[in-house]
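To keep things simple, chains are lettered A, B, C and D as they appear, and every chain counts its residues starting from 1.
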Amino acid sequence: MANSIGKLFTITSFGESHGRCVGVIIDGCPAGLAITNDDIQKEVDRRKPKSNISTTRKEPETVEILSGIYDGRTTGAPICLLVWNTDADSSVYEKIKSLPRPGHADYTNFVKYGGYNDYRGGGRSSGRITAGYVMAGAIAKKLLNSIGIEILAHTIEIGEIKAAEKVPEEIKTTVENNTLRCADPKAAKQMMKIIEKAQAEGDSVGGIIECIALNVPAGLGEPVFDTLEGDLAKAMFSIPAVKGIEFGSGFSSTRKKGSENNDPFRIEEGKVATATNNAGGILGGISNGMPVVLRVVIKPTPSISIQQNTVDLETMTNSTVEIHGRHDACIVPRAVPVVEAMMAITICDFAKRAGIIPEVIG
Amino acid sequence: MANSIGKLFTITSFGESHGRCVGVIIDGCPAGLAITNDDIQKEVDRRKPKSNISTTRKEPETVEILSGIYDGRTTGAPICLLVWNTDADSSVYEKIKSLPRPGHADYTNFVKYGGYNDYRGGGRSSGRITAGYVMAGAIAKKLLNSIGIEILAHTIEIGEIKAAEKVPEEIKTTVENNTLRCADPKAAKQMMKIIEKAQAEGDSVGGIIECIALNVPAGLGEPVFDTLEGDLAKAMFSIPAVKGIEFGSGFSSTRKKGSENNDPFRIEEGKVATATNNAGGILGGISNGMPVVLRVVIKPTPSISIQQNTVDLETMTNSTVEIHGRHDACIVPRAVPVVEAMMAITICDFAKRAGIIPEVIG
Amino acid sequence: MANSIGKLFTITSFGESHGRCVGVIIDGCPAGLAITNDDIQKEVDRRKPKSNISTTRKEPETVEILSGIYDGRTTGAPICLLVWNTDADSSVYEKIKSLPRPGHADYTNFVKYGGYNDYRGGGRSSGRITAGYVMAGAIAKKLLNSIGIEILAHTIEIGEIKAAEKVPEEIKTTVENNTLRCADPKAAKQMMKIIEKAQAEGDSVGGIIECIALNVPAGLGEPVFDTLEGDLAKAMFSIPAVKGIEFGSGFSSTRKKGSENNDPFRIEEGKVATATNNAGGILGGISNGMPVVLRVVIKPTPSISIQQNTVDLETMTNSTVEIHGRHDACIVPRAVPVVEAMMAITICDFAKRAGIIPEVIG
Amino acid sequence: MANSIGKLFTITSFGESHGRCVGVIIDGCPAGLAITNDDIQKEVDRRKPKSNISTTRKEPETVEILSGIYDGRTTGAPICLLVWNTDADSSVYEKIKSLPRPGHADYTNFVKYGGYNDYRGGGRSSGRITAGYVMAGAIAKKLLNSIGIEILAHTIEIGEIKAAEKVPEEIKTTVENNTLRCADPKAAKQMMKIIEKAQAEGDSVGGIIECIALNVPAGLGEPVFDTLEGDLAKAMFSIPAVKGIEFGSGFSSTRKKGSENNDPFRIEEGKVATATNNAGGILGGISNGMPVVLRVVIKPTPSISIQQNTVDLETMTNSTVEIHGRHDACIVPRAVPVVEAMMAITICDFAKRAGIIPEVIG
């Protein structure tokens, strides 16, 4: 019941996994931004299942622009974008309607909406809803590019396999080289093995995605409550399966002294910079001009085909559930463009609030 | 420039570290709630520096109720609470005005506010601002108690020392037994040593706080954007030095398979419960009736007395800064009531949104 | 750039006059409300041009439900509704693109959106956008009906013709008896003559609509800023051509003494009521249990075919404009359901805020 | 329960008529604006009762700046301002506690807050609350002046006496020449007689205030919902006793044809202007560069000393009430600076949203 986010650059999500469509409205995009269907389709396609690690439904997912763009440019009016649902098979959900799947939102939605929620395919809690996020993210990225900001996410951990650290330039050129969107090809191979093993067992694995915003000017963020970290975090938790977030040295900062964790300032090419970036580009909730760096953990997708204990909500007795639908053993790689989208959307909002994005562009 | 948080239970923060006062306005508290000065003073006192681990300023911090409470009960009007500042010594800040302290918000505030910000004592970015949070938190806790919800935080990690896991009942009875607010007395002793060592070296250490909400009914949270995780995270990042947050199994979920991380449902005393709580009480952004469990990491406080590299913002040259003011070598224990406050405030807001808290109480 | 309204019952408008569609998203409707296409279509049809006073475009305007309703009931998810545009003829607008029509938003949109706005048919400033309002209003009315509240608007003035005062029961049964939606048939005839005369001259006339909410319980409204009057007023000004609003005795209260304008309280059937209703059902921004009564003035529609002075925005010289498209000489009767819709939407929002509308219905 | 208004320039009101203080927080004021106590005190003094038409309480009302201003300039932090209450005599209210005064908010507050509201002196519904509005308005005016915008209100109607129309330049120089803030001295004398007569009879009269914003650039307003009219109207209805608002020709536009009410565009000094200003400077919810003109009606103040019928809320029986406290027979002149304040605050918000007011000033 709160399907809008952003103060000046606002997106509103709508649609269900097995309903007619999944869509989004973007309100607050400046007029004059050149946008093509391809700009948006490209991001939607990045979110699609990859054949070699996914057995999930395949849909054309053709982007439709319903409003807000005229003659190839944004008009300043709300932009409505959607993809129609075509390949939904809801039969399996009928059978398990009263058997909430562990780790899924079936039970909480049932309670909250008194059983009236559209439970088919997870309804509003499905990963499919993020197709709307990436459509909005495509616009946000285009807008950020116009002021020089780039957003870049990559897989850094799957199961217990960690990728080696890479610099942004390297990530940028290699991230799409493998299905896992991991900039370390050696780690990527090991990750793939782990996923394949989980898939063979009807099980699943999670992982960690790092997302970096480059060229963010110092001064974005509106403390004390609308901090850059706080609003990025809030945005990230709208992605199903995200259960944690950290900035810069994050949780590992407990292994450092203040003298090690503080980033010394220094002049670089006439500008203030920091020697290290343990702050993840944010001090006091405001960007400091260094790359903004966050990491989110994606829990192992709850969609597994192994039999699990659950309850029957009709009889209020213990029961079991077994789901033999289509699902991914690891959704981390598909979540990479979604994480980028939500970071782009949030930074657009702060850039507008800071007056860095003008009312009219182009 | 965004000093309000909450949709139906809203708090607005004001005041500066070395200004006249630090305060808060609570808007949306139901009428009829019995509140005494002591209820609020108690929480403010918990946030105060402890003599054995702190050399920071000592102030009476006497709570004043300026509005919204009449005849011992809330009136439904905005509640304005404040503590006057009395012991501020700003002289040290004059000297380092153009030398931003590494790890602090001095530089980002300077950029954002064009140098007009009140930099004394960190101004709005000071931990002292959280005196306002705990005053609001006192009201929020009282309100939550009226519907049976309890909030409970404790220190679980300082530096590399981890506390043993404890059940809520044990935490409740032991958490205030030591200065560190750690429910594991053995770990607490080791933590104290680490802090004393850091203090002796003019350095600092960070840590991790766990916060638990007990008896939260299923159904709180407003996905897809106002998720329970998202709004709790946003609230937590308004606490200075918080750089990461996780729910339930959080970042460690990458070391689990889906079959291990999913919490099986089962009937307990006629109600739906889960056998484990890897979800931290939240599925699909909505509470599931289990305890809501989050952990935040507090970076080592940037206030250290060791000389550090920085820049001179007037001359735009490299420089150094050394701060010999009063500061804590570890702020984690003092942040415990602040984390509780922000969790209480956020859950109040969701409880109001879910219609669980009535318009009039008592 | 602010196309959402409402705090807990929120509608988001999208679409353009000559774009692909006009639509709306309703977020915050409780789950379980029974809704049929007909419920919504009925309100859309009421807004359509009437053949005897209108020469405007005729479109089927078939309502499509894209999301949020499953199995005939709301699911708690955002409800997306739209009508496709089919009969738009944009050729006339090409010719007058740089000649802003007096009284229209052509010039202000041009300035605000740097000329990138979709100017065809007035774009976002067209009365056609209100098709979205009435779709949302249909849901809001259904929801209000479930708690006994009724919304009822009627035409009380066209040009200088005033309708005689009528009681709600009489208005209810007669308002749809004539094209003008005027409960006084004698006045309606005179109004029609005035409109026909204006139409013959290529000119237009305005009027006043009164809207009444019956059975509103005392206690709705959230002062000091979200007053019932304030939010109703804000909602009304989103209807093109509305230039004024008053509640109860409104502007005529200047002709009364306090002793005449105050409504004495009295007990009626065991309840507190007032002997008169000069307050229009609102005291201190909060409903008092009497009918909520407001009146809005609709300016003479700026769409006239008489030649008018204007400027050429390309050459920045004085010029003239003559518009021979399709237009209504009086939009007041068509605005009646729109006024009802915006009142219903606003009262829904306040009813949710007051906890009168539950989270789940039915 | 909604005591904040404004999206980027936000004010939060607190305090009660007979509580400790009346105050306001302004959040979103750019850093660097020079502000003195006198700037604010001046506006507070304008709102004070005038000895010759008022018997109400006299208080020093000395403005205190609690936060957000340092070294004579705004810091970008929330600005907290208040005046302490000193002269409140609550005894009269104890006696009439269960007898709601007709035309007042006593009854609606009683219902909404379950009798826990601070009823003394009208509590939050008292005109005294507007002392906070004018303090915030003082900051808003200063800010608007920095970009050339001026706000100017005057009394145009008291009872049935109408002032002659005056041009802004004349209003500016004469408005403070008489107690009534009426730019037409002849009308002012008649108005005074009417007020004196009402006062002698223990009765009251209302009136109309016109408020004009000069030099507002074209492009302010955020349709379709955050229209310039809509947000100005919402702001005005937060002033006690306002029951109607109109823009430009407003309600009188029903007496015009479209060809008369449309304002023809023309080039004036190289800029687009309109020959007339029936639109009140607003087209399609967006400013058009002409003066923004609104009028609000202030109902006869409900505070009269004549005996009135009411009910006893304890016994639920009919009763009477007679109030012999201090009150104004006409509050219109005192409301003039309040209307200015709320217009200034609203236009500041839109100017910030349009990017016209920078983040840092001076």
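The rule is simple: a contact is a pair of C-beta atoms (placed from the backbone, for glycine too) under 8 Å apart; a residue touches a chain by one contact, two chains touch by 3 or more.
This is a predicted model, so every value here is computed, not measured.
In terms of the stated touch criterion, the partners common to subunit B and subunit D are A, C, listed by label. The chain pair B-C and the chain pair A-C differ in C-beta contact count, and the higher one is A-C. Comparing the centres of all chains, each the average of its CA atoms, the largest separation from subunit C belongs to B.
If you average the Cα atoms of subunit A and of subunit B, the two centres end up 27 Å apart. Remark: subunit B and subunit C have CA centroids separated by 46 Å (rounded to whole angstrom).
Centres computed as Cα averages put subunit A at a distance of 39 Å from subunit C.
Along subunit B, residues 1-4, 8, 13, 109, 112, 124, 219, 353-354, 359 each make contact with two or more other chains. Put simply, subunit D touches subunit A in their complex at residues 7-8, 219, 353-355, 358-359. Partner subunit B is touched in their complex by these residues of subunit D: 1-4, 8, 10, 12-16, 19-21, 23, 25, 27-28, 31-32, 65-68, 70, 73-80, 82, 112-114, 116-118, 123-124, 359-360, 362. Interface residues of subunit B facing subunit A in the complex, by the touch rule stated above, are 1-5, 13, 100, 102-105, 107-109, 111-112, 124-125, 129, 157-160, 198, 201, 203-208, 218-219, 221-227, 229-231, 233-238, 240, 242-251, 253-267, 270, 272, 274-275, 278-280, 282-289, 297, 299-304, 306, 308-311, 313, 316-318, 353-354.
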